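The first chain written gets the first letter, and so on, giving A, B, C, D and E; residue counts start at 1 in each chain.
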Amino acid sequence: MTDTLKHSLLFAVVAVLILLEGLTNWSFFSGSWNSSLVILNMGLISAIMALGVNLQWGFAGLFNVGIMGFTALGGLAVVLTSTPPSPGAWSAGGPGVLMALVMGALTVISAVAATRLLPKGGLRTALIVAILIVGFVIYRALFDPSIEAIEDINPALAGNIGGLGWPVLLSWPMGGLLAAGAAWLIGKTALGLRSDYLAIATLGIAEIIIAILKNEDWLSRGVKNVVGLPRPVPYEVDLQNDPAYVDWFASLGMDPVLGSTLYVKLGYAALFSLVLIALLWMAQMALKSPWGRMMRAIRDNEVAAQAMGKNVTKRHLQIFVLGSAICGIAGAMMTTLDGQLTPGTYNPLRFTFLIWVMVIVGGSGNNFGSVLGGFLIWFLWIKVEPMSLELITLLTSGMDETNMLREHLLENAAHMRLFTMGLILLLVLRFSPRGLIPEK
Amino acid sequence: GSHAKEVKLGVLIGFTGPIESLTAAMAAGSEMAMDEVTKSGLLLDGATVTSVRADTGCIDNGLAVANGEKLIAEGVNGIVGGDCSGVTGAILQNVAIPNGMVMVSPSATSPGLSSMEDNGLFFRTSPSDAREGQVMAEMLQEKGVESIALTYTNNDYGKGLADAIKTSFEAVGGEVTIVAAHEDGKGDYSAEVASLASAGGDILVVAGYLDQGGLGIIQSSLDSGAFDTFGLPGGMIGDSLPKNVGSDLDGSYGQIAGSDSQGAEIFAEQAKALGFDGTSAYASESYDAAALILLAMQAANSTDPAEYGAKIMDVANAPGEVINPGELGKALELIAAGKDVDFQGATGVELIGPGESAGSYREILVKDGVNTTVKFR
Amino acid sequence: MDFLNALVAFTNFVGVPAIAYGSQLALGALGVTLIYSILRFSNFAHGDTMAFGTMMTILLTWLLQSWGVSFGPLPTALLALPFGIFATMVLVLVTDRTVYRFYRAQKAKPVVFVMVSLGVMFMMNGLVRFVIGPGDQRFADGERFIIKARAFKEMTGLREGLAIKTSQGITVVAAIVVVALLFWFLNKTRTGKSMRAYSDNEDLALLSGIDPDRVVMYTWLIVASLATIAGVLYGLDKSFKPFTYFQLLLPIFASAIVGGLGSPQGAIAGGFIIAFSEVTITYAWKKVLGYLMPEHLEPDGLVQLLSTDYKFAVSFAILIIVLLFKPTGLFKGKSV
Amino acid sequence: MIVVEDLHKHFGGFHAVDGASLEIAKGSITGLIGPNGAGKTTLFNVIAGVLSPTSGRVTMDGEDITGLPPHELFHKGLLRTFQIAHEFSSMTCRENLMMVPGAQSGESLWNTWFGRKRIADEERALRAKADEVLEFLTISHIADLRAGEVSGGQKKLLELGRTMMVDAKIVFLDEVGAGVNRTLLYTIADAIKRLNEERGYTFVVIEHDMEFIDRLCDPVICMAEGKKLAEGTLAEIKANEQVIEAYLGTGLKNKDKLEKA
Amino acid sequence: MSEPFLIGDSMTGGYGKGPDILHDCTIAVNPGEIAVIVGPNGAGKSTAMKAVFGMLNVRAGAVRLGGEDITSLSPQDRVIKGMGFVPQTSNIFTSMTVEENLEMGAFIRTDDITGTMEQVYDLFPILRDKRNQPAGELSGGQRQQVAVGRALMTQPKVLMLDEPTAGVSPIVMDELFDRIIEVARTGLPILMVEQNAKQALEIADKGYVLVQGRNAYTGTGQELLADPEVRKSFLGG
């Protein structure tokens, strides 16, 4: 069997799994097209994230464990782009916040300038410390009252600065830009680090980003969440109330509820697929070009690549920014799909390590691999719970209805989800340690 | 009428994730209501109620929505859930509203959810922050407390409650020396306690969960001698707290939603008989959530969410005969006979506005290592 | 007098807890760092290994307690600890046999190991919750305090109290002993040196007649002991909850990294850096300054650099700053 | 062409390069010899920008290049090989060579999407060039093997091959000979000579094989303990007492034992 | 002729599941002898050494030590049987000090090793100066000395060296060869791969020329040196 055939088959298997989810309620499938499409949609988003991570790790060997942070920034971009401005918030605290941010930036810039320009010594250190302290105090003095003013405006329902009120689709590229900007800043400072050190640094930065999102209510409403974000697709309820659609659904043999929910999900699926295909094409073209070759050279041996005239620092920064931007886009898409920004939900296990599992299981260094991994792992993440129920039922089929162990197992089915997830992960990695579609 | 003999209720909460230690009791609570109804044989001519559990991970919107769809696919007639506000919002917007499914959350308190166009499908049995803040402030004032340090669990519940307490307490002239967040699920709270202690205050009000960060904060404060009296809002009231902390907690006080109908005690007792802790946070709210759905079904004489959704407010509020935990059979009978009921449940349910819960509070004092009810507010 | 009060207040709320927490992190980080240096991967299952060890210890502690066995003023858990260690050893050895060995034979990349350890983490996660449930477990008994705040006040007549818990005392003592033993073992014994050799160059170790299986086994045995000790001490000091132990992974990794992966000294330094930065940066200096400053200069505000919401963010920020100046950690760690 | 002035490189308290001063004439092939640990590799590393000097100055054609990063030096025409082979292990040997030339239009992301025609043309030329170099080094048969899986000597050859992919001004060769078959090495020597004569490359060659040095180098510089010890033709150097004592030695002492056997 | 002390007899094999690299290749050495393997790059010299040491799959043929078939033994068992090996690349513990490297060489020994260590330091005086420095910070030639020293510490019954003189200065090379002769004359068989082939063959009792995994020429060192074909094709004329 040729590799291409084998790999196409793998994709076919995942496609069949998702189709079966809609077609049959045999075993752990639910037989609901809605459920199938929900999995597909998040699968598309996951695939995009995996693509971004693969760009960084598979192409360039950058161990970025801060995916969560960029995803969250993408989410923030949706709020800042698409929600209407909060009435009164800008006039209450906008200028103050802006001034404070400028002040903060100035402080950092002058500290950096001092580091660069002045000769090393006690004087320099003292000056830098002084700049930082004074800057910090001024910053807080400007910042604190302004955000208080903003947060005081209808705190239960608003309390944040709001957004620009632009169409929500624009927020996807904006999410990419925001993430790219953050990645640029991070890359400038932290990309000198290697392997696990870079990993923990990016992890830390992601935690910092989340801490900001969770606690800066003026910006993101913090843990109070921003709900009811605008959508790029119609609302189901509106479709259900639109006779034209109702008739159309009826002509397809569907009741309005089913028709409208599927219609909306298909709409998302189409949009997400477009993004995925575009990004996949771009990544694939890049990988197969001299650019990709250069990146692999850098990944293999930085010292030698540098001696061969490649500007490793610049290239690392480039790919770090690109990969993060892709994660930002995916994050924005996800927030749009959820219809809300929930800073409290970002945690590394789900938003960083799960994505890594996708990349590694799919096959790092191979774009198709990571896309496959994205779909497959997401499917499993959702489906291992019913699977483990099946598994338990099967394992305990010999036991009595009231058997203690059996009851205990069934009671703990949700925890068995993680257990099963682990098991499957180990099995996949066992049978193809280089991933399902390995790098050539 | 000719009804399906099986009513399915989804229980969609975070069996894994940050509040996994609470959800077992929550699920048990709602299933207790379902069993009670099934056993009574009175719901819609003897329908049986079965529970379908599904996980939200508490903080995983994707998983929660997918599992929501799964419940819909399995044909549930109503959903008890979600738990954490984030996933609750996601399920509500992406599953419940599009599919016209009634959802009663036992624990989501975010005011943001109230503002959502929910088409009368979303309800919650957890009390509103604003009211609880007032109750707490009143109580503190009566006790002669002049200043408090305040810590909250960093989620929408904690944040909202802390805001409410601060506003209300300052409105009655009290001083809040510090408002510090703490994260659940982290074991070490030295930093928080250090800052709280430094800020000082007559007592420390802990707007958290009794088996999460809240416990850690109290333990740490007692150990280091930072505070010895604590103000305990609803999330901190439960048998496990005095048990875990020991006699040092004596003298601390707080409040929890509940009427003088003894609902909470009855519920706790029954829960104990079934082998779970009925005083665990949100267990009683979960019971009430499931019960409300079932009673509304009876009132609408239908399991269709579009029909019984509108009845939830009716069965929850006065007028009508007061219904306590364990009296669901009686309630079903009354409703079938065309009479009004006022479901009080384990938490003294009272729904106001767009599906939010309000109502009376029980003042609790920790005495000799147990929570005792002092009076009702 | 005021100076003493300030000092005591600071020690009580910052010094003592941070030292105890730091020791716990250090013990955890030692395990992570050992695996990193010898088996060459970041073991994500370490937090859950700690949870497993603690769980086994707790189960036996309960059994002992039910038999009425006690350890005088010390917690009974210390008696059960060897058993917990043993059980954990069995678990990790079985895991190594069934899981990691395969990838070692394949000479898989470190990142594959990381993913595999993620799988192991999920499974241990499930196992622990399956046995003991996701809830909070308390198992500390014996004398709770070495000195209580109130007693201290009465004794010294100071306004501020100083409390030291037994668990904190034990933690620090245990950390010192364990660390000393580990250093001696690695640097002075033959087995220890062979472990370092293996960690340096696997193939060459083979050519020197070092049995890789033995090295791997010893590593896991030590890691199991470290994990269990760290977990039990942490549990005694706070409480045991599986989710919390999983969450511990982040600060533990941060500690190992900031000190330099693969360096035992680094792990210890890192543990204390993380613990102290968490506690001090968000500390409100109001009280301490209140004692130190003359009356009219006493601060009205909290004198808090950042609110406690940012305690994790801050310790990570410190970590990043350290790494910017020392890219492989304070003690020149490895990187694979 | 290259002038090194009083260069120091210290590792902690250890002075690996300790005040080295030397000049490399344009168009020459300079041999650099010296005992193990004399600081030759360290000197290369400092000149090539891998290490930054503790003090001192390096100029190239009068321009100060001290501390410039390697990739900039590459574009100024300064290339080097590594004593311990630094191959790109997951890439094929051919790719190892093809990646070398700078300013490939395919290295810009934009072109990978919108300039594919140009890239294809360039690639064809590069490939031909790489195959030519492989042919020359007698390793055409490994063109499609991963560089990580070829023999030690083959890696060294690749190392050399990379410098042949571009038009360099000056090439630093750090023990290309160690581990390379002698017959091949002397062929390489001829090639170096040809590059030097036909294309005007300047070479600096570290090598411990005197025959190789003899074929190629004039002048020869001997380093010891971080400083220049002697400079001259190989014959002069070979006659230098200090060099013999520190570096060349006087041949086998156990010759007699061989006879006995 | 009786069976040699160590023989890799008609070995055929390759790495992992890859193609065969060795084809029916035979290498042998007797006590007191120095056997030298030469050949072009990629001929399979290192592979042959690794095959003898059990580090790759020998699909056909056998390895025998003192008459005993050890084909299926693991490398560390062969170490215990008294075989010592210095690989061509990554042959030192970079993070350990020079002295610890030497100690590790003597890992399987249980007797006092200080004497041997002194001998190694006498042989390579520079190592004595750098005894407490991590070996990774040494120069290329110094590393090579550490590697050989490490193997000598084993006090093996047979010593296998893969290009021990790559990158060492002439004076050290001479000393190394001197030492190798000395060691060999104590009765220790020595099998080595060399690219400094002329010097090596001069001291060799036996020489093998490998080409593409096959024995191309075999003879005494002098015979090979005298063979014009061999000189031209493999020894640089």
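Just so we're on the same page, contacts are C-beta pairs under 8 Å (C-beta built on N, C-alpha and C of every residue); 3 or more make two chains touch, one makes a residue touch a chain.
Everything numeric here is computed off the predicted structure, so don't read it as measured data.
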Next on the checklist: Just to be sure I understand: going only through chains that touch, what's the smallest number of steps from subunit B to subunit D?
Outcome noted: 2
Checklist outcome for this item: subunit C and subunit E share contacts with none
Next on the checklist: Taking contact as defined at the start, I'd like the list of chains shared as neighbours by subunit C and subunit D.
Outcome noted: A, E
Item to check | A-C compared against A-D, more contacting pairs | outcome: A-C
Item to check | Remotest chain, subunit A as reference, centres from CA atoms | outcome: E
Checklist outcome for this item: Rounded to the nearest Å, the gap separating the Cα centres of subunit A and subunit B is 31
Checklist entry - What is the distance in Å between the mean C-alpha positions of subunit A and subunit E? => result 54
Checklist outcome for this item: For the pair subunit D and subunit E, the C-alpha centroid-to-centroid distance in angstrom is 27
Checklist outcome for this item: Cα centroid separation, subunit B vs subunit C, in Å, comes to 35
Item to check | In subunit C, residues with contacts to at least two other chains | outcome: 129, 134, 307, 309, 312
Checklist outcome for this item: Flagged in subunit A as touching 2+ other chains are 214-215, 415, 417-418
Checklist outcome for this item: The positions of subunit B in contact with two or more other chains are 20, 24, 154, 181
Item to check | Pairwise chain contacts under the document criterion | outcome: A-B, A-C, A-D, B-C, C-E, D-E
Checklist entry - For subunit D, which residues count as touching subunit E in their complex? => result 11, 33-38, 41-42, 83-84, 139, 142, 149-154, 156-157, 175, 178-186, 208-211, 246-254, 257-258, 260-261
Checklist entry - Contact residues on subunit C for subunit E in the complex? => result 190, 193-194, 196-197, 199-201, 203-212, 334
Item to check | Partner subunit B, residues of subunit C touching it in the complex | outcome: 9, 12-14, 16-18, 21, 129, 133-136, 138, 144-145, 148-150, 161, 163, 165, 234, 238-239, 241, 243-245, 247-248, 275, 278-279, 282-288, 302, 304, 307-309, 311-312
Checklist entry - subunit D touches which residues of subunit A in the complex? => result 282, 285-286, 289-294, 296-297, 299-301, 303-312, 318, 322, 439
Next on the checklist: Touching residues of subunit E toward subunit D in the complex: what are they?
Outcome noted: 15, 18, 32, 39-43, 46, 88-89, 126, 137-142, 144-145, 163, 166-175, 177-178, 181-182, 185, 195-198, 202-203, 205, 232-237
